[in-house]
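See the structures that follow.
Two complexes are shown next, each including chain A; its partner changes from chain B in the first to chain C in the second.
Moving on, here comes the complex of A and B:
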């Protein structure tokens, strides 16, 4: 029983990180109907930015979050205006946009190889080995901080979408862009903003990842795939869905140690994905739009 | 107030408007009638900036608005209640209305505008938290009209506001249009219900395959033999 509780808490902590990682991808897909294959590359690039800020400028990764998010927001807006804007949307344009964004990912990855070589890096702060006790089990301080920050990020996003005029405009554009134009919403601007926010979230996920894992330029592909699993499980773009999708994935991964050898647990998510796609192609919660 | 001159609009290779032309003066109610596929919706979409114009000009209060981005219409004072309502179904009634005054100049008057539309549609006041998509067709049309009014337009365009509604609701919708007209709002009304439309309008245009074939005071059109035979089955 004690071990089950310990693993359950681990799974919840991991789910927080997963949710913040998947949210950006889900938001961009929900609003623009574009699958941002460069998402994983953005996470990797952001982990490196966090590492550079820490090793060269001595900036603590958690304090670097605002800087990194602003940088990635600007990168996202630029990427939308320079590239994504021209892509055909939805089912018809799927292949073009997938290929192009995959290409962007390859470019980011190769630049990272050039700049940082393929060696593993990690951000080791003075408190990297500190731990916190929850119900008698100890967990690394970083994992707890990452969980709390992820929760805050998802909550802030949710409030933004539900309470502010701009957030409401994002939801309106998602549902009916023609009506949005009629009431004076600049739809293109909303798309750019959404791509910026989604990319800033990838930036956040990268910083958080840099405190938890070692990474190299190939880092991010697993994160991208897991993000897919989560938004497919949770339904595209719904916050509650993403939270539940993240929990299902993290619990499945962590509790899989009871049934499969540990070197196979990484595959659990993908098995889950296949099962859900076959059984419920619209996801556990249906393809609900942003709420 | 509004002038459309010699407008051509294409959907791909198919031409939907051939030299469409019409005029709406301040304080007037003008109706645009015609058969299915004549180009009424296309005309309103072009005026609203949702549809690209190949040739011709649209001026509003003396200034050409052709080629300006669609989202600037609301700020100029032009509003459209679109065909089929086009609400945001998973947003609440209140959110639908609030977004109606998204434009900066209108947002300042949010509370006033809400009060005004709740006065026009008391039922919406009780339903502010309901999701727009879960309302009945008639209620949705009320939300669509209310949303169109939230931007404090000087020209309000309706595209088939009676489409698919029960007769009682149709009567209510026309009562609202009459009331808005009495209050001095300029209205461009597209309707299949030709008789009702010509009864509220000052002037009317008949559209056939993308251009105007007949125009005149509403009363004259209503008693015109050709129109009575072709559209009213009399």
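Moving on, here comes the complex of A and C:
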């Protein structure tokens, strides 16, 4: 029983990170109807940025979060204005935006290989080995911090979407971009902003990942897949959906160690995806994601 | 789908004509005789054989990616499965090499059905991301399943009971010819029309009696089988395979690149794409291997931004310059044909009605 509780707490902690990771992908899809295949590449790039800031400039990864998020916001806006803007959206443009953003991912990976080689890197701070005790089990301090920061990020995002004028504009465009134009919302600006915010969230996820995992330039494909699984499980547009999706995935992954060898846990997300598609093709909440 | 013979002929793309058939046969004969007449060097000769294999694999990928519009980033899973089944059979049984390729291909096709049947309910980007998962999961299993794949040390094939590398040129050509024939047949048949209908609008297609699950399953099985046979071919060609190469993500994206560079949905496209791919691979990247991913990434970005139909689109543009107007449906297999052929009315089954409905907002 004690072991089950310990694993359950691990799963909850992991789910926090997963939620912040999936939110960026879900936000961009919800508003632009474009799946950002470069999402995983952005997470990887941001992990490296966090690593560079730490090793070269001695900036603690948690303090680096604002810097990284601003950088990635700008990158995201630039990517929208320079590339994504030219593509048709919706069903007709699905394949094109997919392949284009896939190309961007390959380029990011190549740049990372050139700059940092293929070796594994990790951010090791003085408190990397510190731990905290919860219900008699000890957990790494980093994992708890990542969980708390993820919760804060998701909450702030939700407040922004529901309370501010800009956030409401983003939601309006999600609902109906045509009518949004009629009521005076600059849809192009909302698109650029959303791509920026979504990419900034990938940046956040990358910094958090850099404190938890070792990474190399091919890091991120698993994160992309997991983000996607979470969105399919939980649906778009609600924090609850993302949270449930993240929890289901993290619990499945953590408790899978009872059933499958550890190297296969990476495949759990995919198996879960297939199972959900067979049992409930419309997602756990009958989400509109799958047309 | 009960069209008269007359209207069907009108709807069929131009390259399915008698003229195209003659060009195909002549090209085949020329390629068959080429090595004996021209006397290519050993290196070029062998590379040509490999190019045929990539053409075949690119075409098979294109059945799914171009005809149905389901982009797979996981075809290395079938390439590797076919390759390793063929290699294992070659090592442990006395079967002739072509039988091992075929069995490997069928096993790969069945494997494709196993994961594809549930995931093909997904459309577009969702299917594509799921295939990334398939590819990664398969690679993990293959790398750790040492009894089957030999793990990271790979498998060496016995030398002497298969065709020599020199003969592989002709086997590659046979493979390619068979795949081209299947490509034509797929496009001509009811299945081809059904696929275009599915690509346009799944719900409308199923309303008129096209069963999307069945049609897509058939195509995925065929595509997986051919890519599996290509894997077997590759195993015989290299005489050594290891799972890190056969199942790699890079292997999967090579099929995507061949299709996209050449022109998604066409038949000539992937063939041209394979030539470009091999040229870049063998002559450019041999000296700059560290630019592998970036170069292909940039190529993808440029193709999508400037010529979504790839080399085929470029050819059509050149043709128009000289007054040759392609039939409107020649581009029917493209990503969104109305965008690629803007001055053509969208008269064919496959042309982009989606663009008017769901285009730039």
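One rule holds for everything that comes next: the second predicted complex is superposed on the first by the 286 of 291 C-alpha atoms of A that agree within 3 Å, B and C clash if a C-alpha of one lies under 4 Å from a C-alpha of the other, contacts with A are read in each partner's own complex, and residues count from 1 in each chain.
Note that in this section a residue touches a chain if its C-beta (ideal position, glycine included) is under 8 Å from a C-beta of that chain, and two chains touch if they have at least 3 such contacts.
What you see is a predicted model; the values in this text were computed from it and never measured.
Asks: With both complexes superposed on chain A, which partner does A:179 reach: first (chain B), second (chain C), both or neither?
Replies: After superposing on A, A:179 lies in contact with chain B but is clear of chain C.
Asks: Looking at the overlay, what does A:87 touch: chain B (first), chain C (second), both, or neither?
Replies: second
Asks: Classify the contacts of A:171 with the two partner chains as first (chain B alone), second (chain C alone), both, or neither.
Replies: Once the two structures are laid over each other on A, A:171 reaches chain B alone.
Asks: In the overlay, answer first, second, both or neither for which of chain B and chain C A:2 touches.
Replies: A:2 sits against neither chain B nor chain C.
Asks: Between chain B (first) and chain C (second), which does A:187 come into contact with in this model arrangement: first, second, both, or neither?
Replies: In the superposition, A:187 contacts both chain B and chain C.
Asks: Of chain B and chain C, which one touches more residues of chain A?
Replies: Ranking chain B and chain C by residues of chain A touched puts C first.
Asks: With both complexes overlaid on chain A, does A:109 touch chain B (first), chain C (second), both or neither?
Replies: So A:109 only meets chain C here.
Asks: Look at A:136 in the shared chain and tell me whether it touches chain B only, chain C only, both, or neither; answer first, second, both or neither.
Replies: neither
Asks: Of the partners chain B and chain C, which touch A:35 in the superposed model: first, second, both, neither?
Replies: A:35 sits against chain C, while chain B stays out of touch.
Asks: Counting contacts the way the document defines them, which residues of chain A are shared by the two interfaces, the one with chain B and the one with chain C?
Replies: In the superposed arrangement, which is not itself an observed complex, chain A uses residues 178, 187, 289, 291 for both chain B and chain C.
Asks: Okay, in this complex, where on chain A does chain B touch?
Replies: Residues 165, 168-169, 171-172, 175-176, 178-187, 288-289, 291.
Asks: Considering the complex alone, what residue numbers of chain A touch chain C?
Replies: Going by the criterion above, the answer is residues 34-35, 37, 83, 86-100, 102-107, 109-111, 113-114, 177-178, 187, 218, 221-222, 224-225, 228-229, 232, 261, 263-264, 266-267, 269-271, 273-274, 277-278, 281, 289-291.
Asks: Using the touch definition up top, name the residues of chain C that touch chain A in the complex.
Replies: Touching chain A: residues 69, 71, 73, 115, 118-119, 121-126, 128-130, 132-134, 136-137, 140-141, 144, 249, 253, 256, 260, 264, 290-301, 303-305, 308, 335-336, 339, 352, 354-355, 357-361 of chain C.
Asks: Which part of chain B faces chain A closely enough to touch in the complex?
Replies: Answer in residue numbers: 48-50, 69-75, 79-80, 82, 86-91, 95, 98-103, 106-107, 147, 150-151.
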